[in-house]
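Shared between the two complexes below is chain A, which pairs with chain B and chain C, respectively.
Here is the complex of A and B:
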């Protein structure tokens, strides 16, 4: 299945901003993080379709996965 | 820092300066001092622009010391925007310089004679006040240029622009940064209008010849400061995210969460978000020879600020903060980085709160004064305020007044103050803070975004009501205490996650003042400040109905999550039950 992965802030360095990624049916958020080449400890906040998601959450075709390093401001 | 100086601007024969020992205000600094003084000395029912109101300007308990990150300045009064108590704080050089000069507070009191335009000059030899009509009507940048000619570039300034002189309810007070740019503002609640009502245009402070404040226990203080700075550098938010991208690193993540208010709080995501994100601004600053990593005051460790140049490589403004990028950007449908930086520059120059202004321009857009996305129109509208036209005066009075003037329901305000850059329906914890803070809608008063979105200090689901009351309560208490120290609130990211860094902050206070405060004392201080503020508001006529969001946040669901604000009124009334 194809999912869309977006990376932000320092996670873009040497990687990409957004890309389609092929994963097997039944893949988890953690698989998307790995496929994007992001070390799990750097994926501080992950959204799937705009909702927070844990690494163990299963993905569905067409899901949008957004991965952030630790960020703050305000 | 054991002296309070009071300046009666309306005294017979001209302003009278009176110094007194800090007395019963000892142990308070920053917001604790401004709020305790306003609560004790300002009649709650007075008019905010009348002689009974006072403007209290106070550095924090650790300002002027070697402690990293200790340069916040608090400004307190009764607010012309909310009608309640107000504390607005700012970075820049002023807090460090005022503290080194030995002042726990400068208090402006009384009624200025019509047409006054005072300059207050403070140095190691004392305090002078002169009428300086030559500065009347000047915008902040021009004013500071004049001050540089007269006093050089090593002073720190606290000033108002034309909005403050017009005593408009969205007027800010500007503090200069290390480059003498008037870019760091005590923005919220119309504190600039109160300074204008006191007839004071500018306070110029020179700490030449004044040493850094010395701790009671130098050894312990040095060790604590080392642990403190290490803690800030070690945490990924304060150590790398904020320095690299500034506060605007938030645009993408808040947009992704669906809580990024767009088109006057109509939807929670903005198509142009990535064009105005921190990542885009950082790249542009590098390209144009600006500076993406920069501190707003001496002793800043985090360095979240930046310098933004125009297309010709000339200074235009500081790197616009996240709140400004949201307010003048997504909320107005504007996705042009240069236009947003220009609006930031104009707000700083005229002396306006960028949050209130972005919210107000969006209300004007909804009213049809201009179209959403009209960057040029937004720039012209802000300029109207500087010119003092009737339309400018309406806009400069904030979102609530503007909505009323144009017959609109949708004014995103609490206690008359505009909401900042997070939709309270999609991020309910911050909605609790907006509703209940004694300051009106204010994200800094209890920054639930940390836990609702950023997963700092734990995680509470932003889309559900559960846990939000406790979250906001605890954050409001902690923040009221941190605001007493003079520490920049961004230390909270490190302090919430790293117990040893919280301990280092306590150790700094204890070593400096020779105390043995514990966590319980910090909590007690936070509660005492909040209680004083709430008591003031109650006496000023605020009832529990003031602790509510506008009704339409309960009625109109926001996309993409299609949620309304789900916290019950009776639960909001429990925030301060401790």
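Here is the complex of A and C:
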């Protein structure tokens, strides 16, 4: 199945801004993170179709996955 | 001697509608009242100090009264906190609890409003109180030179109507957000790193911020991309403006559209994106 992955902030450096990614049926959010080449510790916040999602959430064809790095400064 | 309200009413009429600062100063001497007490008497009588003249069109007299009555905890008095406290004081928030364990050093100079060559080496929380006394003498700042943590979060939040995140670590943020949830008050979150940032409002009782940072810290990291990118003048100022606007809307009873949502931005790209939490 194909999903759309969008990377934000520093995760774009050396990768991409948005790209279609091919994953097997039953793949999880964590699989999309790995397929995008993002180390799990750098994928601090993930949204699927605009809603906050955990790494263990299963994906469906056509899902839009947005991945953010950790931001904590004040 | 005429009543304080009579005096302020006459002063406002003579000045074209709003109470001028000169009349507040005169009233303080004549009646032996603090500026906070004078402001309380004025707003109760439907009179507005001239410093709030440009507030009323957006928040109204009732909003100004609500701000005057409010007590807000600002955790952190650095990049976010300095701008947040300045904004709250100018709005007319009556009472601010300013918490920070640190003193200013030169690396703060590029972005922290309260850091000046004069304030280098001085405690940040106390500088916040000094600044507010210059900007709005009717606002009271309780300066607390302490690190916010599980041992003091509940105590610091006592009597507060709202908590604002101006912290720089994940653990302190989550700790304060959970204390705010226990107290049943809203918690306004923001965090910045270089061009990037995020802001959100946690509704009373919600575990929004703990959930947002559930994926962070798994590797023991208590900070984010800011350790590499640093922060510059624009990031904290932008995020602080969002936090102050949300605080104003919430305290005035208008509600914030950031509640239950995360707004993220990239100030170099000039782009933003919003998500449901």
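Here is the rule we use: the second predicted complex is superposed on the first by the 71 of 74 C-alpha atoms of A that agree within 3 Å, B and C clash if a C-alpha of one lies under 4 Å from a C-alpha of the other, contacts with A are read in each partner's own complex, and residues count from 1 in each chain.
The definition used in the following text is that contacts are C-beta pairs under 8 Å (C-beta built on N, C-alpha and C of every residue); 3 or more make two chains touch, one makes a residue touch a chain.
Computed from a predicted model, the values in this text were never measured in an experiment.
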Have a look at where A:19 lands relative to chain B and chain C in the superposition and call it first, second, both or neither. neither
After superposition on the shared chain, which partner residues are touched by A:72: those of chain B (first), chain C (second), both, or neither? both
Thinking of the overlay built on chain A, is A:43 touched by chain B (first), by chain C (second), by both, or by neither? second
Using the touch definition from the top, say if A:9 reaches chain B (first), chain C (second), both or neither. both
Which superposed partner A:51 touches (first chain B, second chain C, both, neither): both
Counting contacts the way the document defines them, which residues of chain A are shared by the two interfaces, the one with chain B and the one with chain C? 8-10, 44-45, 47, 50-52, 66, 68-74
Touching chain A in the complex: which residues of chain B? 235-238, 240-242, 244-250, 252-253, 256-258, 269, 278-279, 304, 321-323, 443-444, 447, 449-450, 453-456, 459, 461-463, 489-490, 493, 560-561
Interface residues, chain C side, partner chain A - complex: 76, 78-81, 165-170, 173, 190-198, 211-216, 218-219, 221-226, 228-229, 231, 235-236, 262, 264, 266, 273, 275-277
Which residues, counting only chain A, touch chain C once they are in their complex? 8-10, 40-41, 43-47, 50-52, 54-55, 66, 68-74
In the complex, chain A touches chain B at residues 6, 8-10, 12, 44-45, 47, 50-52, 66, 68-74
